[in-house]
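Naming follows writing order (A, B, C and D), and every chain is counted from residue 1.
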Amino acid sequence: MKVGIINVTGYAGVELARLLRNHPEAEIVSVTGRSAVGGKLGDVFPHLSNIDLVIEPELGKSVDVAFSALPQVASAEAVVPLVRGGVKVVDISADFRLHDPVEYETWYKSVHPAPGLLEESVYGLTELNRDDVASANLVANPGCYPTGALLALAPLASQGLMQPEVVIDSKSGVSGAGRGFSLLTHYSEVNENVQAYGLDGHRHLPEITQELGRLMPDAEPKVTFVPHLIPMTRGIFSACYVRPKDGALVSGGKATARLMDLYRDFYADDSFVKVATSPPATKQTWGNNDCLVYPVADERAGCLVLLSCIDNLVKGAAGQAIQNMNLMFGLPESAGLEGLAVYP
Amino acid sequence: MKVGIINVTGYAGVELARLLRNHPEAEIVSVTGRSAVGGKLGDVFPHLSNIDLVIEPELGKSVDVAFSALPQVASAEAVVPLVRGGVKVVDISADFRLHDPVEYETWYKSVHPAPGLLEESVYGLTELNRDDVASANLVANPGCYPTGALLALAPLASQGLMQPEVVIDSKSGVSGAGRGFSLLTHYSEVNENVQAYGLDGHRHLPEITQELGRLMPDAEPKVTFVPHLIPMTRGIFSACYVRPKDGALVSGGKATARLMDLYRDFYADDSFVKVATSPPATKQTWGNNDCLVYPVADERAGCLVLLSCIDNLVKGAAGQAIQNMNLMFGLPESAGLEGLAVYP
Amino acid sequence: MKVGIINVTGYAGVELARLLRNHPEAEIVSVTGRSAVGGKLGDVFPHLSNIDLVIEPELGKSVDVAFSALPQVASAEAVVPLVRGGVKVVDISADFRLHDPVEYETWYKSVHPAPGLLEESVYGLTELNRDDVASANLVANPGCYPTGALLALAPLASQGLMQPEVVIDSKSGVSGAGRGFSLLTHYSEVNENVQAYGLDGHRHLPEITQELGRLMPDAEPKVTFVPHLIPMTRGIFSACYVRPKDGALVSGGKATARLMDLYRDFYADDSFVKVATSPPATKQTWGNNDCLVYPVADERAGCLVLLSCIDNLVKGAAGQAIQNMNLMFGLPESAGLEGLAVYP
Amino acid sequence: MKVGIINVTGYAGVELARLLRNHPEAEIVSVTGRSAVGGKLGDVFPHLSNIDLVIEPELGKSVDVAFSALPQVASAEAVVPLVRGGVKVVDISADFRLHDPVEYETWYKSVHPAPGLLEESVYGLTELNRDDVASANLVANPGCYPTGALLALAPLASQGLMQPEVVIDSKSGVSGAGRGFSLLTHYSEVNENVQAYGLDGHRHLPEITQELGRLMPDAEPKVTFVPHLIPMTRGIFSACYVRPKDGALVSGGKATARLMDLYRDFYADDSFVKVATSPPATKQTWGNNDCLVYPVADERAGCLVLLSCIDNLVKGAAGQAIQNMNLMFGLPESAGLEGLAVYP
């Protein structure tokens, strides 16, 4: 299987390269960049020196599948001719996540560059959409925050067990902000510091609301989403707070155990989503494709607390993209993704 | 004013020493420790080498005021004879925070060691209790989490503007866990990691509930409190989520501005509590006694988000203790606390 | 190939488990611990939950090869019966690194527990000792500092090009200090801090001196070794400073280029030791078995600067141990070690 | 005393503002910036909100003393009219550190902008140049690396006790690279990483060589200087390696004790330079003006190891600048600099 990576020079791009290098069925044949064009991949990123490729301005060889790690708008533009030409595409940008082009324009301040592809694109939160992904030609890979938050909420939401008001308080490592420069990626500003951002509406909010709405079609979710930047490189920890529809879910002294059963059942067949047996930590997913979920019932206050941990660059980006590719080509879902987390 | 520090060898203790060293009216005359007894303070803690004292087993000279930085139970036992002997005391432990000895026993798994002093002790969240502190002989210095959370919620709670259900999602630096050893203070376990803890009930929860109940006497607060450990040394960032009693508070497009006015009025006379003009960050309080608060109305979801930042060892411990001492002795509240945050 | 890990519960032990899990020819069949005996490996270390084993008090099944990650003395004691029983052993402790039992006693304050095995043990710095490792039954896996320092110096030392006085200034992440508790592993003490330690003689010094002496048999190396602890989890960066024997090596304006050639030739056949094309960084080896070396000639001052980077838990411990195992069993040297560094 | 800060918006500038805010004799009356002009200082830097000033394009009021925190070249240009107009100036840039304009041009790739002022400028490493600073109108504040390295070496160098070959291996926090953007200040690139840089000659090298040459006029120092970037915000740790002129200095078993005496005598009258009683750590100087020095004799290898720790933004920049200002105005040297280090 010949693979191309569009814009390999960002963090999602290099992570795709790292993971695909050891994929048993895939071979990276072409990588492009918006910077460093003409350079050897291993000179620009020494940890990739085992991959003998030059960074090209455009995908150079015929590929069976392409990953786009471009920013929105540019990504859709690059993807259209590929999809039209029969190449399967996993788009890591936000371009095909929101089904409604009006909503897209509201949040991304740009007319959608390829509204004609919206209908055939599939939202690639693998565990919640496995069948559609398997038959898709264009997968919209989810945002990092939506991945963790939706996996924490899905068992409750899909069974109509929660009220529509949701608070999602997420803590992210800095790599989520990419390799670009700003005070939010400046070491001396971020180290020994924690701050909330996107308080007037983060772009991942409509994505969470859209997918939560699909999971609980009888309700209209009201999501408060507050992402925080914390001083670490990788990892997202999301704490989701909801009230149960049925008070029984938080009473009787064994509510957490019942929740656990519910979650274990829901994810029984998913190798990458694990219901933790003790409170999870992002480091337990460092560098691999796991999502750890952990539900707790706060019986005193009548509140459900749903926790999840992922590596934002793996399950939150490159890893899930490969998981989707595996499905699209009929491979085992975990092919190339079997590395354990690097701990400590 | 002659000052003694009981158990100077923990982080609250050394922070008291650091701050008191430059206090214009106070002189540290005696320090005790449970370890390193007989050692010179400056040999054990080189950053305190300008203070020429030996660590003693017990307070050695007559003091006008004593700070206890012992753990609970031991602290009450040390404090009783001092208070009885006419020494003013600021107790940084949890021993005199909860008014109800039954509640104390429930959370601290020990019979209260000095229930007779509970009535005269004053909860020292200075801004909310200034008059009582000024006339107290025994001040119970608040926990670090309650300090930040209560200052974020007080303007709403005290004016009856919020529903009783509260979610408090706090992120703390590791120094809050003290100088003792555990996997929660082990560098390789904590670095590049974030985790929630205390999910079955953190000891600061009853303290928050008690004081919130005093602020909103007509309601029974239902608090869900989830503390997180993040990879930094100092700082607590708390995000509090509540629903307004009056829907008007989150509608009309200018809700955040109205909230801001409410908060600015409430804290107009408090030099250490500052309503931030942009989303705050813990680093802006690093090493000093400020608490930054920042209210946001999420009009989409009908939720109020109340943020606060403190340095857990200063406003969350040693700094507020000195602020209380200043009030108890009729000094300017900010005496010895005028250092700005160290940034970056 | 059936593999056992003795003392899986330390950092070298869990790293062995992580790497061996995906080894194409090896299967972990038994793991022991000094703590957590009886617990499931995946409950104690959630990132290893894909390995379905219980932590036992002793190696439980017949194994073809055993790794010992016990501390010194205890390790030798555990290893003797295995070696005598025909099990091949890679010992990660210090017990079989120093050939001279008197030297061992001087540095480790204990009579050597198994002097009879010293002769047949082989010092497993793979690249410098490949043939002996291949035929060994007992390999003494090198210390983390010696691995990085010796690989940086070997091309010069083995060709008699340097004076015998060597300064090695190393910077290590905290995981090198293990999972035990001390102020050197306490987060709040180590974060935002750098310090030298072992100034009266680190235990890795005699190991470096011994092996350097083997490389340059006509000289008596005089090594000054100063390790530093820096605030990161993994990685060792060593800067070695030597004077050339022949002044020509640091003159003429192209000295660095000539050094580069020398190093590239020396390591031409080693897949894990890479001569970097730009100044290396430890992060480029994070989680994998590479050692990056980089020589620079300071022509102004007449000094050679030899830099190296490794992951202390991989090339500095578990990875090199597996590399040695591969040689001992005639497998490709890189089997199971093909994962790229996790970056960023 | 009316003080102006030129370019307050960099890290040296905000640190000057933080420290001067509590100086008993100085009042900041004007601050300039190259960005954020017209903004309130407290809006741009919330930790400075107690200082009620607007950032101006040029120094606005008559000042008695000005600090320039501009980059080189721009700084000299800004400083010339001030000095000519009778304002005392402490220049934190590199412009007046090198006495030889040819050397300046070699290292800074620019003709010196004000060679006429070179003669009257004084190199402000306070402890080594106290008298000249006291009578100066223009002080060139030393670089951060030279400050730590020279204080570590001065007792030996000034008494002719060391050979001229010196290795200086320094480890710096990231704030030394300023508030500008590059991969060397990008969080995800720097965190969990250590790297050497400036291997072809760092600009602080000629400054170290010049001043070392003044201390040991009979020798021609040969300095190898390798700075490293480590994942922390503040602090520089320098390890200097030299050979003694007189072998007696590293023999006899008590060499370290004799060295200690030498250092204690040398710095007996300096309140900010402290000979540590145990191996020092940068955190012990975090936020204050101390320099900790610690000499060790490696008798085995015949080498002297001289260690020093500073906060690069205080003793390495703003703090030493204020120390110099104090001398220039006949104030106590420690005025405004009495805050202890913030620990942990």
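Quick notes on this structure:
Here, a residue touches a chain if its C-beta (ideal position, glycine included) is under 8 Å from a C-beta of that chain, and two chains touch if they have at least 3 such contacts.
Keep in mind it's a predicted model, so treat the numbers as computed, not measured.
When the C-beta contacts at C-D and at B-D are tallied, the pair with the greater total is C-D. Averaging C-alpha coordinates per chain and comparing to chain C, the farthest chain turns out to be B.
Spacing of chain B relative to chain D, judged by their CA centroids, is 36 angstrom.
Chain B and chain C have centres, each the mean of its CA atoms, that are 45 Å apart.
Among all residues of chain B, those that touch two or more other chains are 11, 173, 175, 188-189, 191-192, 231-234, 280, 283, 286, 344. If each chain is drawn as a node and touching chains are joined, the picture has every node linked to every other. For chain D in complex with chain C, the residues that touch the partner chain are 165-167, 169, 171, 173, 188-189, 191-197, 199, 201, 222-224, 226, 228, 230-235, 237, 239, 241, 243, 279-283, 286, 296, 298, 300-303, 305, 307, 344.
The residues of chain B lying in touch with chain D in their complex are 11, 14, 18, 21-22, 43, 45-50, 175, 191-192, 233-234, 274, 276-278, 280, 283-288, 292, 338-344.
Residue ranges on chain D touching chain A, taken from their complex, read 11, 173-175, 179, 181-182, 185-192, 231-233.
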